[in-house]
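Presented sequentially are two complexes of chain A, the first with chain B as partner and the second with chain C.
After this line comes the complex of A and B, so read on.
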């Protein structure tokens, strides 16, 4: 992944038109994720800048539509972050993450409407339910590889939907469950978009810190080792099957958190929200955002949620436009939105440095 | 009992006899060399010992326990490290992370304790990093510690693989052609490193094509041909063995 792009950059000669990219690229590079995949896995100073922006932005930009979009983006980002641990770090594919998202949403819906559980407890149980669901499914199917794993995960996503539709007594069938109470914690009812924004992004930041810790510890190295070479991983004593299962269960738990928040915020849970579309959207968020680091999927989630909203205005043209934008992005940013730009910037800086040294006569 | 014992190990691939009733023993604290022409079953033997493949018959014992058909990671956890003939650097990580991955056996912590970054995880990660840098220094890559493994040169990646296997602190280290493709100066450095490892108490089983290197460092040599052991003994004995001479000279004639 990283290797490929480096060679392409070093083969390319400097072009004059690169100069036009410089200023916007530099600005973007301040915002976009660290371009070098898997290298800097510790916290950095720029993380504080991200945090400050996230806290202050909704207060400065007091637009309900923007708050609502960010709430949606946050929920998607939680699932995408979980999936990136499985897809980006462990190198396995799942096209059934909507099922875990759905399992979380339905668990919260059932527990809060029928059993009267407090939101926080329902929230935690939802993740546990999704995780145990993933454990049961993952144990047999994670032996599969590549396309076969993709198909198997796609299959259980569909099975989940069928089960939900065919058990109206429990899940409300096609209609779903509505009237789910707002998320309530310590006396605060999260009933406005602004409050929900802070709730969801707070959870996301917590999960991000958790993932970051995973990634910089022996767990993260085991994930990366399994993705790079299963043979090499097993010869240093890393149990390949168990490591994949851990990553899968963890990503499902994240999706369960996302689904639970979805239920509390949207106040409904119905089957069409958890279809294959959602699974593919989550995968696209991870791929478009960049699999090389943890900020990629979050950037991807914000971008795709925003794009879906903008394109909704074009009505029947929205799908072709969507497709076109995807294709262009995958052609020009194959390693994710953040990655390619970063390499170009590094290249430009080194070009200028060389040029200056050459002018000073240090290089013949 | 020896550290590693192979008893009548046999392996067939679709009609080809890769290994035929191979019996070998490796004593603790020695360097054993394994020589033989291409396709004589040396790498197959390594795959069987490390659990990547299963023998058709025969048994393998390591540290007096049977490891025949055990999962590779379980064999590794018992203290058996190996490198591959085709290098397997973990290209998505830095050099130092490759070494840290090798140390995984000695680190503790599950998903939750790692995710919450408990003080003991923090401490063990810090200590592990220090040790990993020591191992990188030993294999001569300390200056490259933050480089992505995919951007190291072939020789450096080869040394990185060795470092990752050493990081396991194995009792027995299987080296599959560690010197193949290295320039002579690096081969000398490698020989010194292997001898140093033995001094520290590691047992080494070495497959190598460079005769002069094997003859120089090995305590005992086994010669392989068509999946059978044709000679075994000290380097001098093997060098003078008629069947070994015959095998190697015949090989040269067909090449010329």
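After this line comes the complex of A and C, so read on.
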């Protein structure tokens, strides 16, 4: 386990603070997936267990707040899953995913309220719109190395917000668009949290299977190669810029799906929902879930959505606390919370054993 | 066209705000040169400079110069502690993690400022007189002159610091050749700490200069920081001269833009410029030592 990971394995030095979280880590390791890419079998028994939990849990725990939270988490998870393809697998940074999310939401909002499009069609068009934005931005920028894409997407995010705020005729300005009809498909209106839960997690599972296949495909291998070394990738004949562009467009399309669902589930779209904070949140979900992993971002999305909700209870202290927890999580889990947990625990136990033996030796 | 008549007036505004952008950009560049880190909390130093001076002046009843000096010192301490508490523990992490951590720190600072000092926009009295004087039909606020003067003085000081003092030379060395600096015994960590102090101080001074003209509230730092960053990229990422040039160019373009496009789009101008510069000349106006703009 763990040792053969493709992600750079840092030195597993023992740190004293590891002692403090060995128990929660062990508990987490029972639940969280260990993000090691290149599993031999794509779908394991574990996946069936996850699926069963997802299907049964909302029926057993009939709490509206929980359902609502999971709906939010699902929408975040869709964007985070898309970003994972781009950030985790291809190793590029985007700080503007909120704009793609927002583009999806506004497209759905406009098409359903003003043009009377059916939800499903609007859903697909939203993803296409987000993807085409990504294509236009990414095409020139992705030829460059380094951090330019992060900057360009950041700029695009801000421009998107300015345009949305300043065209009240089309987008409703600061107030936004409300009264977006519920998502309807095959005669079912998704109007309760429970129905929305199944809608969103159903879409998420579909996208997850799609991403799993992508990652296993030639293109997915190219993503990993680009992430490891752009020079080496180009040497073996991978078109680097094109590969990065594909990953970027794909992740923007995911964000568009998420945004479209956001619009038709929340029934509103306003610019505050799509600010830089959301972009940062999505990136955090991918980082905390573990890069180069598809389950991680989903776990990260659930965790951070839940954290946001818990912290909202602290009222005016919630935002400073939030910032502090962000930084602490980054300091203590820079490779993600779930990454090589089992491995770390084995290491810790062996360390303790060695330490005790050494101490005995001293006494004798 | 009436809008042309406003151009000289807007130019003055542009130079004033451009000076502030230049100072913020210098802050970015100082840290980037020491370690390649993009410190997105830079804008919060500006905000804190203005807000803390306001609080010391109005709640602490200190005389203006003392309050300003004290605020700069406090913000420098905040800069040091940002390095010690956030950047230093992450020194082995990847740049993405550090970038996210600075964003988290920026979020923390602005929301803490909201909590401690309140969310109302704050304004300081101008340094000398609020009567605008008129030259050739252009009205100039005395504070604009102060901003320009103080910025020039600060830039000269920074130049002297980096070229004429031992510590400046050490910082310069660790940015041009990190390994060589290590070999001759310059602590890169210490240099980064100094860089954080310098850029926090510069940011705070920018905040104190700008607050009498534009209001400063807890959330104005983020946008100012991002624009300062755009300025640094525009002039040439990693070059102090580029940062200054970029700041002034951005300030002038932005306020000249008001004459031709609706004022609501003002904030979009900077980011539009960012996209254009990244499309057509990613190394910026003056070129950049960090940017490998090789195309595939």
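Just so we're on the same page, the second predicted complex is superposed on the first by the 306 of 364 C-alpha atoms of A that agree within 3 Å, B and C clash if a C-alpha of one lies under 4 Å from a C-alpha of the other, contacts with A are read in each partner's own complex, and residues count from 1 in each chain.
We adopt the following convention: a contact is a pair of C-beta atoms (placed from the backbone, for glycine too) under 8 Å apart; a residue touches a chain by one contact, two chains touch by 3 or more.
A quick note: this is a predicted structure, and the numbers were derived from the prediction, not measured.
Peer 1: Overlaying the two complexes on chain A, which is it for chain B and chain C: clash or fit?
Peer 2: Aligned on chain A, chain B and chain C fit with no clash.
Peer 1: Looking at A:277, would you say it contacts chain B, chain C, both, or neither? Reply first, second, both or neither.
Peer 2: Touch partner of A:277: chain C, not chain B.
Peer 1: With both complexes superposed on chain A, which partner does A:210 reach: first (chain B), second (chain C), both or neither?
Peer 2: First partner only.
Peer 1: Which chain makes contact with more of the residues of chain A, chain B or else chain C?
Peer 2: C
Peer 1: Pick one for A:219: touches chain B only (first), chain C only (second), both, or neither.
Peer 2: first
Peer 1: According to the stated criteria, A:55 is in contact with first (chain B), second (chain C), both, or neither; which is it?
Peer 2: It touches nothing on chain B or chain C.
Peer 1: Touch check for A:162: first (chain B), second (chain C), both, or neither?
Peer 2: second
Peer 1: Figure out whether A:250 sits in contact with chain B (first) or chain C (second), or with both, or with neither.
Peer 2: Once the two structures are laid over each other on A, A:250 reaches chain B alone.
Peer 1: Name the contact category of A:188: first (chain B only), second (chain C only), both, or neither.
Peer 2: Neither chain B nor chain C is touched by A:188.
Peer 1: After superposition on the shared chain, which partner residues are touched by A:232: those of chain B (first), chain C (second), both, or neither?
Peer 2: Only chain B; A:232 stays clear of chain C.
Peer 1: Figure out whether A:144 sits in contact with chain B (first) or chain C (second), or with both, or with neither.
Peer 2: second
Peer 1: Taking the superposition as given, tell me the minimum C-alpha spacing from chain B to chain C, whole angstrom.
Peer 2: Chain B and chain C, overlaid via chain A, are at closest 7 Å apart by C-alpha.
Peer 1: Both chain B and chain C touch chain A; at which residues?
Peer 2: 234, 239-240.
Peer 1: Using the touch definition up top, name the residues of chain A that touch chain B in the complex.
Peer 2: For this pair, the touching residues of chain A are 1-3, 6, 36-39, 210-211, 213-214, 216-222, 224-225, 227-229, 231-240, 246, 250.
Peer 1: Can you name the residues of chain B that touch chain A in the complex?
Peer 2: 50-52, 71-73, 76-77, 81-82, 84, 88-94, 97, 100-102, 104-105, 107, 109-111, 114-117, 121, 125, 146, 148, 150-151, 161, 164-165, 167-168
Peer 1: Contact residues on chain A for chain C in the complex?
Peer 2: Interface residues on chain A, with respect to chain C: 10, 87, 93, 137, 140-141, 143-148, 150-152, 154-156, 158-159, 162-163, 165-166, 234, 239-241, 276-277, 280, 283-284, 287, 316-317, 319-320, 322-324, 326-327, 330-331, 334.
Peer 1: Report the residues of chain C in contact with chain A in the complex, numbered from low to high.
Peer 2: 38, 85-86, 89-90, 92-97, 99-101, 103-105, 107-109, 111-112, 114-115, 222, 226, 229-230, 233, 262, 264-265, 267-268, 271-272, 274-275, 278-279, 282, 290-296
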